[in-house]
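Each in structure tokens, the structures are laid out below.
Same chain, two partners: chain A is paired with chain B first, then with chain C.
The block that comes next holds the complex of A and B.
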């Protein structure tokens, strides 16, 4: 045993390294890690706080724009929420006050997001090839020449 | 944009696992391969490997220090690489990396310490000032070089080799597992993958050591041991046969089964990987070294020393290319085919100057040799004549490189 002193020393160093790793790891692993899975749970409330919701839902629009909402509810776009086309409520209203005018995109590109002809869309879904849809091409107001965006059926 | 033939999903046309992921198994392969050589001497009593036993252990250690770098370079956030050690997610195969790498590093460091302990102590005794303090710290303050202490060192090295060999196999087998476990990709998903990776690691490790041994012996004006070269050539030939057999078996199985996977793998091999697989991996990298090593092994006694050395060097160089091609064909090849099995993207061409480019890959390959040079300056790899080198098998092997060739 007298000649094995160096073996004990190296084992001691190894033990020390293992202890340092274990103790060091306990400092490095975040407190909420592993609460609900292999991730830091505190990240969830942090992300929620950093990103307040901007969308308010269709009902919040109806509070001020009930006429438009009524037209929308009767048309074929009844199941399309206002914010799908107009953008999130948060850009227009904050804490109940109007902070900016709602930007309205009247370009055919917006309509094309849903109605441009794509092979992957269900065949019964209304979709058009813009170039062929109107003889001579789209007019100055684009789709809105013929369709009301809130009740597009002719 | 890559050119597509057939049908490919939009998310299939990017090669996300780049040249760095080719370098990762390539470098890790040297780690495992070199350790196999050192274990052949320390564990299995192959005395003919004595001249390269220390070199192979040092090489394994130096390549191990670089093995994680390609992964770090591949990560968009390299600082997050540490998380695989701190909070491993065991549903991911990569979680094994932290555990296997750390454990193997610990074993190799311990073995290096026990093998070089005698010289560390001698240098500490001879030196003064800072140098003495450095070597005294390395020796952990104990200066016991009695025969009993050296015998304990020798036994410790044997035990560490016995633990290190399966650890090295696990470390590299696991690299193969990362690919073999991806069931969506027919070019990767085979239980043979870890075994192929491991055998080709042995090929690359032995080939590299043949080169380094002969180059360092030439530079140091030492005699190249004929027994050592012959033995390494024999083992290289053996592992080459096993590796290429397994690599071909995998493809023959796929071709014979002729299932839907083969209808994409066949065009992959004959078009996109035509050069890197058929020309490089199979003909230049396997067939020619097979013939060269066949000559060295079977006609050994008739060969002049210079011819033997030249043939083994040529075979080793070609085998380093073979193993690199194999890693390339697995890693990159597996990303050239669409998950729909109906299309291929054009070949991936890394740039010279980019984070995951050719220049960085060259630096990664050279870096272990730089570390090996520094290692040699601190702990001389060539054992000085009459040094307290542990004699693992009771019979005294010839001092490294000092006795004339057999």
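The block that comes next holds the complex of A and C.
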């Protein structure tokens, strides 16, 4: 009889441990953890909704600025998305309303990001040495003295 | 890890049916159902994007193609990524490297990740070839970073994107060390691991990643390997593409065209 009680005690402790583990797990493991693998599946929809998209894409600007887009489409910058030079649409329009003026950077530095001659660019890509490109250096409007940013070919 | 400083807003709760705290009974019932293979029923509500449209992650397998011969090193992608994802100053989810190489010597630089473009550079040797290489997370199939995560915060989705669960991440930095491509960092704002998500909040809405969206030379391309006629799929299927550090067998899903052996 004494032996049976010992066995019973051990079993009781074991049962208690199992219950504690199960209850503990239910509190500690997030509910969608392990559904598809060793991660919390709920994070996937969270990541989808992490933030609203800030960049609108190449065509989103034409909804309001079709005249500019038409000029751009005919010029040699046709494949350059508006947001490359102007920055993301989300800073200008939110939920269909204009919230701020679009940044316009007219500095030669902006043009130089692509067109200043440096090692590394493909040789066929149009690039200039600023100091040699214009006699006497760039004028007050920089590159825009001669070039239209939206259709830069002279 | 629930509290996060202002700079980087915490991910908003997704638009899925709200569920109250799980009771033990619920938990056990679910565990039983799950073990019975009824995952789909449970998962049903989860795959809804914030705009209410259904996104089926089994219908896509994303891949990235970088044609380095076209890259002009303008840095538009780096700026777009920073803006789109609110990446902290001095850290990069994508960056551009410049390689100046001669048979005797080589020089690699990436001033501020290429974000402000590249200044002219004088090297002690005369480079015989030079080019730019955009870098980002390779979203490997066999990810070292996911393997080492001790809390299950890093994972790879069914559509092939490697993500970090900011609420699970304890910021131990194992994954930062495990990544052979240097694609991860510990954010000084959230103190959790961060990395390129291929703009998961955009691609699940049918948009392209911000860096691809702004690339003026189509150096960066993004596509779906599950679409037969996808240009990126075709380029990978027919072109002579390479991946970075293929010897590590990480099976990157960012493919490169026109790359040099000097590039790791």
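In this text, the second predicted complex is superposed on the first by the 103 of 154 C-alpha atoms of A that agree within 3 Å, B and C clash if a C-alpha of one lies under 4 Å from a C-alpha of the other, contacts with A are read in each partner's own complex, and residues count from 1 in each chain.
Criterion: a contact is a pair of C-beta atoms (placed from the backbone, for glycine too) under 8 Å apart; a residue touches a chain by one contact, two chains touch by 3 or more.
As the structure is a computational prediction, the values presented were derived from the model and not from experiment.
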| item | value |
| --- | --- |
| Which of chain B and chain C A:153 touches, first, second, both or neither | neither |
| Which superposed partner A:68 touches (first chain B, second chain C, both, neither) | neither |
| Which superposed partner A:33 touches (first chain B, second chain C, both, neither) | both |
| First (chain B), second (chain C), both or neither touched by A:23 | second |
| Partner chain in contact with A:59 - chain B first, chain C second, else both or neither | neither |
| Chain B versus chain C as contact partner of A:106, first or second or both or neither | neither |
| Touching partner for A:120 - first (chain B), second (chain C), both, neither | second |
| First (chain B), second (chain C), both or neither touched by A:42 | second |
| Of chain B and chain C, the chain that contacts the larger number of chain A residues | C |
| Common interface residues of chain A - those touching chain B in one complex and chain C in the other | 25, 33-34, 38 |
| Touching residues on chain B, where the partner in the complex is chain A | 86-87, 89, 91, 106, 110, 113, 117, 139-142, 144, 146, 148-149, 152, 156 |
| Contact footprint of chain A on chain C as seen in their complex | 9, 11-16, 19, 22-24, 27-28, 30, 34, 39, 42-43, 46-50, 55, 57, 69-76, 79-80, 83-86, 98-100, 116-121, 127, 130-132, 152-158, 163, 165, 167-168, 197, 199-202, 204-205, 207-208, 210, 213-214, 216-218 |
| Contact set on chain A toward chain B in their complex | 3-7, 9-10, 13-14, 17, 25, 28-29, 33-34, 38 |
| Chain C partner contacts - residues on chain A that touch it in the complex | 22-23, 25-26, 30-55, 57-58, 79-81, 83-84, 87-88, 91, 109, 112-114, 116-122, 125 |
